[in-house]
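Okay, got some structures for you below.
Look for chain A in each of the two complexes below; its partner is chain B in the first and chain C in the second.
For the complex of A and B:
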């Protein structure tokens, strides 16, 4: 049965235009146009759905694709560019390349902004392009009476470009018959969906979604947010380049009016209606909106007028529902957001586990202490390949202040290879800031940080991950709407090599790499005790599991130094014990160096080789656990006297 | 004062609470003990009306809660310091605290309570004009507890109050919990640090897979094998 669905779909798509002709419906033209918009919506989905970058000016890329085709493939206009009438089959690639290039150009200034600001920049870009096209129809440059360029018509101005050359294939009647167009667009659309689905399931697709979920965490997991976002813009735009050039050639004429703001909004509606991030959803959303716009509105108008004439109600005979299209789009969008915010086909936030039945398996086990597997063999092999001795991390005189508050003051700290160093101190002492400085999230005002001999100051977090430092976060930062397995796979991102082309074409080397990556991710999940949960969404895991998943993700980056920020916070004693064991195992078997922020003194004192204590950003003590426990300043500022009592004997309840 | 009877609650179709019953009497400190995922936080969320039970009912001073909106429930005198803090990151410490008192009828009581909170957590006074989001994790925890105290609730729900706090502050927090209890606030405490929780609580419930498997006085729980092995971490 499952095989039948796709096969039936293919047959239906292939048979449709013949049926249409036999019955005399004459809808092939409209359907082909609709499919162009569908292709646009799919391109937009890469930017909005996968990478989570709200783009309100996407129609600009559509315009660029269309005009690239128009300028290169129009026989009438007078500029040097025109008149050569290059072949459609060449122009379509140029159009896609130009769109991708402009995707990079508009992407570049938006790299540091997110959310509302990004949306506003793209909005501006979407306005600039049609205005520029309108005004470049009559360009005169005058320099003191000398006119090097006079009344040059670059874009056709308000009148647009007309006509645009058609594609030429021997024996195929592109001039007279809508059917070849239908098949041309069908092939382009099918190839695009194929390419997009492969991109989605690739290293790059995972990186996009990681950026969407949590850009900072993605950066600290080895994903370069800059190149990842630029690729989203460029690839998203390239699909609209294809769509635009086919649109121009099919319509035979383009005018700036076809690329207004409303087009961007309509495309966004298609994506959101169907479900951002879901290919099937976007196709569905585009179909619904196109059918509604092209068929239902006009047919209903006819119907209402007919009723009006039949009943003699003159108000009805003059109705034009197509003027109300934006009203209906808006209404539809409001309803979808209220009733099904994830879109019609979007992934549900929570998995459905077999109806309302008493489903014992769906409930997390009671405090079964996580069963840990052995350290994955591949990690052991990789760790053995690294040759290093002496200090791995060396921090000297690091200072950082925020406004007037000195968060770190001349802090020194060294982590030798294979050592576990505890970092403790009162709340607000600067421990997490220290982690942020080492991992590149915060740039120190002064001081040196070297790792394996090279300086880390000024490097971006993802570059530091690539050097071999991984971290976890105090307030867990997983990629909440990605699966447990995908979270770990994002960790492997910086150790994988497949390129964009490789992700689409999937040569044997990429297939092998992906398979190996999955094996490794699974072995890591088994190691931290999450083997049976790889398909769950990260956000649905209970707290302790989320902590362990974060550690698995960090290990996937193949670190030489692991920074753990309160790893046992919120865990019960059995879970804490298991995690402590796991940390010890990492050090013993991988000679991994570990820097540990932790408030559970049993853990810190139990596994640290040495401990540094921060207070108000200054290191007040450094020494072995035994020395630290006796240190008067540490007792005063941090441990308190209750700690001694607790360590001495466990007093019961009052 | 608070009563949950046979409460069944779901996340989607996953059953989080399966017939949970418990009660809290006026003036008590009651603690919920259980592993991650056992349903402790879900219980608190159900009391606050953030999750609707599919079966069973929740009542507070004889009034049904499970049909009310969260804002109404808070106005009845229940406040929570949530797990993971959830402070308002772009508002100052002072604004966060003032919002804690948003639903209070007695405007005159706010200033003294602010003073009380600052004497409990001097660090918050130092950071009074700083944005909540720029506080360290432990400081945010103090702010979340203080914000709940500012509501001057009859019943205070504390979800993992000691998480992320230094040992000295853990001691302080539990002392504060005892103090505010003595001043008349009833407390329902969810805490991984079962040792500390049992030390301050009068009674406790052990929760596994959404059900109460044991409830007794703290002293009795402290002696039980199940609690010692599973939640106190003794061998």
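For the complex of A and C:
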């Protein structure tokens, strides 16, 4: 049964044009055109659905693909560069390459901006490209009476390029018959979907989705946001290069009007309607919109007019619903966003109850503390080879101020190998800022940070992860709409090597690497007690599980230093106990160095070798837990005078 | 025309254009400041403002130039009616398409805004047809230099230019007063800074957002009316163009900043007028968008915007 569905689909797709011809429907041309738009929507899905970058100018890539084909494969434009009518089979690859290159060009400036600004920049490019194509049909450059270039036709201008050459295959009638086109586009489309599904399930696909879910967290998990986003733009564009070049050759003519903003929006409609990020959804969305646009609007117009004639209502006989085309597209966008934001085929997700740390999920049934498996063997072997002497992390005189507020003032701190160092202090003392400085999220104003002998100042967060520092966040930052297993696999990203080509072709080395990565991720999940939840979405986990998943993700980056930002916050006593045990285990078995921000004094005092105390950005004390508990300034600033008495009881200041 | 007459003429053109851009840009910047949404439909509210003002004129039986007392009765009345209509339209758009999405991802309302924009354009297309429509020459046009001062100059500076400036400046002053000095203005500024804290301080955030859309819509309506009276033509697709230029103006000035929007509007007005003259009108759009991209990439805070750190 499971194999029957795809087989039936293949048979139907292969048989369709012959059935069409036998019945005399003459729809093959229209269906082929629709498939070109479907291919475009699939390319856009890489950018919007996978990487989460809203692109409002995608038609620009379509235009570039079409013009690359049109200009190289047309005999009419008498420019020195082209006009030799190259072969279609060569041009299609050039078109894809040029589109991908343009994707990089457009992508590069957008890397500095986020979210809706990025959308506007893509929109700007989407406007500039048609303007440029229109105007470059008649270029005259005049410098003080001297005209080095006069009336040069680079693009065909408003009239476009006509004719564009057709593909040539011996014995195949591309000139007279729509059927070869159908099969050509079918093959390109099928190959594209195949490549896209492999990309999605690869190291790169996971990185795209991690960026989409939380760019900062992805950066701190070892994913390079810049190259990852650029690859999304370039690969998304290359598919539209194929689509554009086939479109140009099929139509045999191109005009700049075919690549306006409306086309970008129609493609966006296809992606959003079906469900951004879902291949099946995008195919469905593209089919629905094409059918709606080409069939339903015109047929309903005929119907309404017929009704009007039959009933004698003259207003109805003049109705033209195709004029409402963009109204319906607009309405479609609004309704999908309001009623089903995940799209028709998107995975339905449970609504999250508002609030975070202290809502219902934080006080679950007093579940048994998770059973911890042993430290994964592969982590142990990875950790064994590392040199065992000296401080791992050394921070000297780090200063950081935001406006007038000095968040960190001349802070020194050293983490010896295999040590657990506690970092405590009142709220707003600068503890998290310290973490942000060490992990590269915030650049210090002054001071040195060295890790294993090399300086970290000025490195991007993902580069610091690659050097062996991993962190968790005070407010948990998981990749909410990815599975538990995928969250951990993103952690392994910086230790994996498969390239784009490798992800698509999947040579044995990539298959082996992927299998090993999954085994490692599963053993890590078993270690933190999440073995049976690997397919759940991260956002659906209870609170304590989310905290442990974040630790597993951090461990997957194979760190030598682990920064934990309030790991037991919001946990019940039994969970806290289990987590404390886990931290101790990491240190004992892996000689992992750990820097720990924690407000639970029992935890900090219990497992730390040494403790540093921050207050108003300044380190006011450093010493063993026993020394810190007696330190007068610490008692004054943080612990409070009642602490000694209270410490005999249970909990520390919360 | 001598070269300096051309320059002065294009600068005057740029000034009037810029005034209209500034009025539209204020609507963008206010909405962005308060809910961080690029209200894509705003340009189309401006376009509908032109069409609606035309309808009000028709309803009041005005088909030609207004004279004498009509200028101080009918014209202000149409201004008020148009602004009220577009304000109501803008609020309705927010209610239907943006408000249900306040708590969802930031891209969701941006996508619905694009959807609304397409719907509004299509409504205008079906209402007035695809061809550009003529807007009656309701405001008397007098060549000031030639007829009032007797100067024989090629520079064409008319009462219409004066009108645009005389209407725009008081509107901006009134807006500044409203935002700086009134309770609602204070609520708007507080909500823009931090919605949750504003709520905790007892500010009705939803009502403040409503007021923002109300004011933004009214300004767009006024801009539409001015545009129609000045250029005597309207197109269903003009909202998209004008909207993008106005948005560029808002970003250039520093999105969220009122003074920035006004300044950005003028700058874009001048640049586009000069570009039309000295480069080519065909390239003006590309130039404006290039400015937008360069500003967003290298100075996302714009000319007068404040630094807003990424909430990491």
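Here is the rule we use: the second predicted complex is superposed on the first by the 622 of 654 C-alpha atoms of A that agree within 3 Å, B and C clash if a C-alpha of one lies under 4 Å from a C-alpha of the other, contacts with A are read in each partner's own complex, and residues count from 1 in each chain.
In this text, contacts are C-beta pairs under 8 Å (C-beta built on N, C-alpha and C of every residue); 3 or more make two chains touch, one makes a residue touch a chain.
Everything numeric in this text was worked out from a predicted model, so none of it was measured.
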Partner chain(s) touched by A:141 [first = chain B, second = chain C, both, neither]: neither
Which superposed partner A:428 touches (first chain B, second chain C, both, neither): first
Which of chain B and chain C A:187 touches, first, second, both or neither: neither
First (chain B), second (chain C), both or neither touched by A:324: second
First, second, both or neither for A:576, with chain B first and chain C second: first
Which superposed partner A:104 touches (first chain B, second chain C, both, neither): neither
Of chain B and chain C, the chain that contacts the larger number of chain A residues: B
Contacts of A:475 with chain B and chain C, given as first, second, both or neither: first
First (chain B), second (chain C), both or neither touched by A:296: neither
Residues on chain A lying within both footprints (that of chain B and that of chain C): 354, 402
Sites on chain A touched by chain B in the complex: 348-356, 358-359, 362-367, 402, 405, 424-432, 474-475, 540, 542-545, 566, 569-577, 599, 601, 637-640, 642-643, 650-654
Chain B to chain A touching residues, read off their complex: 11-16, 18, 34-38, 83-85, 123, 127, 130, 134-139, 141-142, 160, 163-172, 192, 194-195, 198-201, 208-210, 218-219, 222, 230-233
Contacting residues of chain A [partner chain C, same complex]: 52, 54, 56, 109-110, 112-117, 119-121, 123-125, 127-128, 131-132, 134-135, 216, 261, 265, 268, 272, 323-327, 329-334, 337-338, 341, 354, 402, 436, 441
Chain A contact footprint on chain C (complex, rising order): 36-38, 96-97, 100-101, 103-112, 114-123, 125-126, 240, 244, 247, 251, 280, 282-283, 285-286, 289-290, 292-293, 296-297, 300, 309-310, 312
